[in-house]
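All chains are identified by letter, namely A, B, C and D, in their written order; residue positions are counted from 1 within each chain.
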Amino acid sequence: MSASSRIPVIAQPFVSDRAKKTLDLVEEFVEKECIPAEAVFTAQLGGGEKRWQTTPAVIEELKAKAKKLGLWNMFLARSHFKEGAGYSNVEYGLMAEILGKSKVASEATNNAAPDTGNMEVLAKYGNEAQKKEWLAPLLEGKIRSAFLMTEPDVASSDATNIELEIRREGNEYVLNGSKWWSSGAGDPRCKVYLVMGKSDPKNKDTYRQQSVVLCPADAPGVTIHRMLHVYGYDDAPHGHSHITFKNVRLPLSSMVLGEGRGFEIIQGRLGPGRIHHAMRTIGAAEKALEWMIARVNDERKKTFGKPLSSHGVILEWIAKSRIEVDAARLIVLNAAIKIDQGDAKAALKEIAEAKVLVPQSALAIIDRAVQAYGAAGVCQDTPLAYMWAGIRTLRIADGPDEVHLQQMGRRENESRKKDVMAKLKWQQQESDRLLIASGFKSKSHL
Amino acid sequence: MSASSRIPVIAQPFVSDRAKKTLDLVEEFVEKECIPAEAVFTAQLGGGEKRWQTTPAVIEELKAKAKKLGLWNMFLARSHFKEGAGYSNVEYGLMAEILGKSKVASEATNNAAPDTGNMEVLAKYGNEAQKKEWLAPLLEGKIRSAFLMTEPDVASSDATNIELEIRREGNEYVLNGSKWWSSGAGDPRCKVYLVMGKSDPKNKDTYRQQSVVLCPADAPGVTIHRMLHVYGYDDAPHGHSHITFKNVRLPLSSMVLGEGRGFEIIQGRLGPGRIHHAMRTIGAAEKALEWMIARVNDERKKTFGKPLSSHGVILEWIAKSRIEVDAARLIVLNAAIKIDQGDAKAALKEIAEAKVLVPQSALAIIDRAVQAYGAAGVCQDTPLAYMWAGIRTLRIADGPDEVHLQQMGRRENESRKKDVMAKLKWQQQESDRLLIASGFKSKSHL
Amino acid sequence: MSASSRIPVIAQPFVSDRAKKTLDLVEEFVEKECIPAEAVFTAQLGGGEKRWQTTPAVIEELKAKAKKLGLWNMFLARSHFKEGAGYSNVEYGLMAEILGKSKVASEATNNAAPDTGNMEVLAKYGNEAQKKEWLAPLLEGKIRSAFLMTEPDVASSDATNIELEIRREGNEYVLNGSKWWSSGAGDPRCKVYLVMGKSDPKNKDTYRQQSVVLCPADAPGVTIHRMLHVYGYDDAPHGHSHITFKNVRLPLSSMVLGEGRGFEIIQGRLGPGRIHHAMRTIGAAEKALEWMIARVNDERKKTFGKPLSSHGVILEWIAKSRIEVDAARLIVLNAAIKIDQGDAKAALKEIAEAKVLVPQSALAIIDRAVQAYGAAGVCQDTPLAYMWAGIRTLRIADGPDEVHLQQMGRRENESRKKDVMAKLKWQQQESDRLLIASGFKSKSHL
Amino acid sequence: MSASSRIPVIAQPFVSDRAKKTLDLVEEFVEKECIPAEAVFTAQLGGGEKRWQTTPAVIEELKAKAKKLGLWNMFLARSHFKEGAGYSNVEYGLMAEILGKSKVASEATNNAAPDTGNMEVLAKYGNEAQKKEWLAPLLEGKIRSAFLMTEPDVASSDATNIELEIRREGNEYVLNGSKWWSSGAGDPRCKVYLVMGKSDPKNKDTYRQQSVVLCPADAPGVTIHRMLHVYGYDDAPHGHSHITFKNVRLPLSSMVLGEGRGFEIIQGRLGPGRIHHAMRTIGAAEKALEWMIARVNDERKKTFGKPLSSHGVILEWIAKSRIEVDAARLIVLNAAIKIDQGDAKAALKEIAEAKVLVPQSALAIIDRAVQAYGAAGVCQDTPLAYMWAGIRTLRIADGPDEVHLQQMGRRENESRKKDVMAKLKWQQQESDRLLIASGFKSKSHL
């Protein structure tokens, strides 16, 4: 069954024939080209410190193939960008699911975070000079980029806490501060940072204090101090950097959109990005399920004379995983369609649902697959442990689950409480009226 | 926001304008007429043994109103029955969600189980005489019916275990055996039982041993021994009966479809019925969420100076409930659309997903609402405890969750294992080939 | 294996030989006398309104037997009361577990709530006249009693919210207000209420506003308006009453301990009571496990040719239930020993752990048993549904889980944060010092 | 509060004053010496391939200190070994909890796996020559060892599947096969392997086919092919090796205990080892809770103006973690006491309970701490991610949870079903007898 024929019936009206064709092409490219190439990628990367100076040749070969196949920049949504490949969010979402099955496929098709979000920012908010300098080579896959927001010493899930200073001095901005979890900054091809900082810390409107500037990776004063690990993985060459800025001087033309508009920029950036992450995560969950199926039917791995697939507990894991991944996918597709039909703001609730539900479901599914594999599941012989670690960070990145749940809960409660309480009160009064009219005592007599 | 405007965007292409209008009308009828009337229904029913001889007047009044509004028999799907109201399964599903918010609304609109399934059976498999005698009054809401399948002494989740004997003697069938959980048989208006039994116990095909016959409720030899409770509730006047058959004699014309075709009948009956149950259950979960919201904003119920809605744990409950109910609804709607586009057989997986997921989600949501209410949540002052108990049975009825999970897991595993194993094996070989071609060692060298 | 030989090894040093003998006697009495008598109790109670005027004869017969066996008032702890049977809390706790397996055993041995807590209050705080009038007949099992605290219109989990007015007028107290969930007040033998109310609502110390008075059940102005249900159960003849007080006049001698000392009284009342509840609940969980084992080996209930006990999922349920009940028991026994070695105040944390953990574990275990039984599990043919409903209220009674978790979390955090933060800070500084001494860079250099 | 004063009251009778003193000394050593030294250990280890040739100097310094303090070989239980330090399993268990808070403390005190289990094997089953050659230097901490059981190509959780060939040829054994997850074999000080293999593959008793032999790490034909990772951690210098044996020749004196006695050896090895693992894991969970407390009170990490510790969700995490870790500890201590009072065989159920419960609880607790830390939780800046990954393997090592649950469930069911069914049947008959005697109908009349 091809990827296009697996689209849930409920989503089919939203997927064009062109997108279906591309989707099947993506699947072929990912399963036949990308996944087998992963071992070469790892081997070419090697060990030790040179991991951070290397670009494995195989990734550039895959990029060339993808471009030739027309599998390039599919993430740039139809409605928003003239540079885009012309797919809707739901259409690209289905492709992102497939891309999520390989750790090289997103980059191979130039759909890799954080470049995707950065390209969106530049396409939406950049001026022509900025587009020419940075967007063009990004769209062509010639350079990579990073988005520097999180800081080590503050609770960055509340972005108003951000402290990196962007001080104007004459014709320059001067940056001082430190950033961490600057994903992608480890890559030798990463040439530009989008840096969020405070340009107007005394503004009474706490959402107007921040700006985003474009900073070349090799600007004097920029130092990568160390690389952060995720459950032992260094994610080289991409990596997660801890970077300091010491009197880094940038021309005024580095400012994106305008001073004080940092919040506006990050908000526009988040909606579709969350859909991409969510769909790639669903792809990872599907991959885990495939690996689990392969294991539980492995003749060499019989226990007590039976293959694992004959055990009821294992069958229950498979069934629950199937339900969870299907439910999670529908939640994301519905959110993507909502974005397609309006914008990310109208889809706030739907995006938050996807943001919270998908990683939790995927982690449960992958963890079951790990358990089915036993020792092979926790080590480098399966893709499972690495996928788990990467997805575990999604419960934290862009705000921890708990913050999203609080906000969702508060919105649901605030937006509904007046109507709900009025309705239930009216129903109770009407109920009392009917009881009395029918010769009974009111229930509110006590 | 009206019910039609709350339809998830992803489902909107599948709902006609006519169905949307009806949906909003259903909501108005349920919220304004049915729910306030529930207390009168309970009061008219009274206590003691007369609960089983009473038909509360208010239900007949509601039925008259519903008929006048055109809210009648909406469950009979467009595609299958000329007697139907002309809605698709997904359209009626959305209506069933609203009906599920009131314990009288399904009956008030003649969409109540088990009559719905029984009418489907009669419409699909009954002959003209059977339709005239039983389907016509059922469609008009003049009588009620029961479906007698489960037996006390066997594991009925495997229907081949059924033992009630249907023996042919001359021009008659003679029935001997006992049935329980005969839901609806307690109602004084219940006039007919569809009885599943064994007419050919020696047939080598264990799925051809069973037949379904039509048995008048007042046939000599039929005895209702007692009524079963569900967590203390007797569900009068509907009820769940324990019934014995002692030499009950029925004419040959009582046979539905033909001897040995019992399995065929129950299988055709299950698909849409599960969608109905699932969507009503989602309505109950939404109702529990409304009641929870009303409680946590209740000024009189502040603890330690703050309304419950200011507590993070409560907001998390609301948010999780929102996510769970939205995910569950999409799973059911997708299954309904799959039935609409093919038949219940093609939608086996999707229906099973809904069957398992929905009650579990709803029980968790209702239980949170109970907890938010405290003592009021477990007693008769809220609808919560009663809804919980009713929905708890859905994890058992029509086969326990575990049986469905085993079957789903087995189907998923069996249908995919060959392809998945071949693909992963090919990918590993291809990976080794690429490694060697790139000058590295194969990973399978050990 | 007798009950005494099943005591966990870790608890054995705390159980005297005398208590072990009694424990085995309790088990024999419960399993051989009480449990078989339950059906007679239910039958003698009958249906309809007379349920509230009846005392089933069988309970008085059981009481006579128990007294003769010396199984009477075992709850009154050795250390506290001269009237007690001389067992420690941990010793009685083990007996309470056995009593919890029968719904009549606690009363049959005069160890039933709320009488137990009320007897403790009277023994600890009552004056001689009060003891003579009420404690003596309670200790003999001649009358029953209720404790009236919860009110319908306030959030009673915060007891400072209580509003029932206890106004002094000359030589009398005048009571006005309403109470609900007055458990036991439905019983015709219930002769006295311990009523918590506000005698000094303006006292600046919000914990000195409350008093407890003794009110005869037949005092003029006292009305039982209705009985509350727990899920569908009415718990007759015991019951849960909704009671109003309208100018109920009591002599000054009704005051327990003194005006303004209500909080002191309820706090002393809670510790051991929670141990009793918890251990009875563990008994119920053990009973559910026994019933589950009986079911899954039932030859008549084979599915697909195999008994349920051959299914891996079922075996996992049994194993998890075993672990959960054993862990919960150790938590309660440890708390009981802590009370025995100090007082309930020193055991605040341990009691809270038991209060929260035990009902949640028991509900999970019972629910698995329900699921294993299918339809029989939710109805009156097994004790499971009734046990579940009763134990569900324990997550609410005496404060909902969430309040206890907040308090536990806050206490743990407040009592430890200073030391923990100081220790971790010192360790980091020491670590930096060692790094530098060994020729490395400090980790805090960024 | 010192470690000895934190011993649960229920366990205190089982801990001698001498053990309490040692326990407090262990705590001081771990918190003040070991934990601060961990960063030096990591720094001295360095990166790249030399990680596997290095012994960080700091560990030898710590060992010298520990020996001087008398904190050495505490694991060797009083009852079993003359070489032991003289503590019972429950006493050492409490010490192991403290050791589990540091990743160097177990080795620093010569209580590190797999040496502990190997020393037990040699002390119990080794002959004098074997003891002299290998046990003596192990007891002194001069060499390290590995236990080679698991194999890559079979389902090793069923140890009868093991395939490594131990063939006798004249005066030698010849070994062929491969092993993986040979933990500790990476360490340059690891001098001896205990190798489990098949010496008699045709023996009809499948539990007599296996033998254990002692193999020097530098024996010709032994090759360490690669090191396995746990999530992304390599656990250097200890490590988890994938090793092949190609015609490795060993003298007959290498055989432990006797040919065909491999199963006997591994079974004796498992009981106390599981207690050690479980208690260390509880120490890790306690450490995670301390780190969580430190974080949620961190002034710099306020969100929306409040420290995390003021959020209800966080307080609930702390409270639940407290309950879970306390329950898990009691389960392990009870199992340890059971071993102390009999042997590991009598404590089968209790050990299995600990084996399954402890890692699951600890993983949940650590994961909450990760979530409280956000990005810092998944990386090298806290000990959390590394602890999580290590403990995740405990759900797999020595048999996956599912195998233990199946065995526990089966034992519980098999050992109890006859008695339970007889009792319930008798109770129902007795109940019927009583009903009839009281003038009611029997309940089994249907």
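In the analysis below, a residue touches a chain if its C-beta (ideal position, glycine included) is under 8 Å from a C-beta of that chain, and two chains touch if they have at least 3 such contacts.
Chain-to-protein mapping (UniProt): A, B, C, D = Acyl-CoA dehydrogenase.
Quick caveat, the model's predicted, so the values are computed rather than measured.
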item: A-D against B-D, pair bridged by the larger set of C-beta contacts; value: A-D
item: Chain of greatest Cα-centre distance to chain A; value: C
item: Whole-Å gap between the CA centroids of chain A and chain D; value: 37
item: Chain centre separation (chain B, chain D; CA means) in Å; value: 49
item: Per-residue multi-chain contacts in chain D, two or more chains; value: 152, 311-313, 316, 402, 406
item: Touching residues on chain C, where the partner in the complex is chain B; value: 47-49, 150, 152-158, 161, 180-181, 228-234, 240, 300-304, 311, 313, 370-371, 374-381, 385-386, 388-389, 392-393, 395-397, 400-403, 406
item: Chain A contact footprint on chain B (complex, rising order); value: 8-11, 13-14, 31-32, 35-40, 43-44, 58, 290-291, 293-294, 296-297, 309, 312, 314-320, 322-323, 326-328, 330-331, 333-334, 337-338, 341, 349, 353, 356-357, 402, 404-406, 408-410, 412-413, 416-417, 420-421, 423-424, 427, 430-435, 438, 440, 443
item: Of chain D, residues touching chain B in the complex; value: 152, 178, 225-226, 242, 244, 311-313, 316, 446
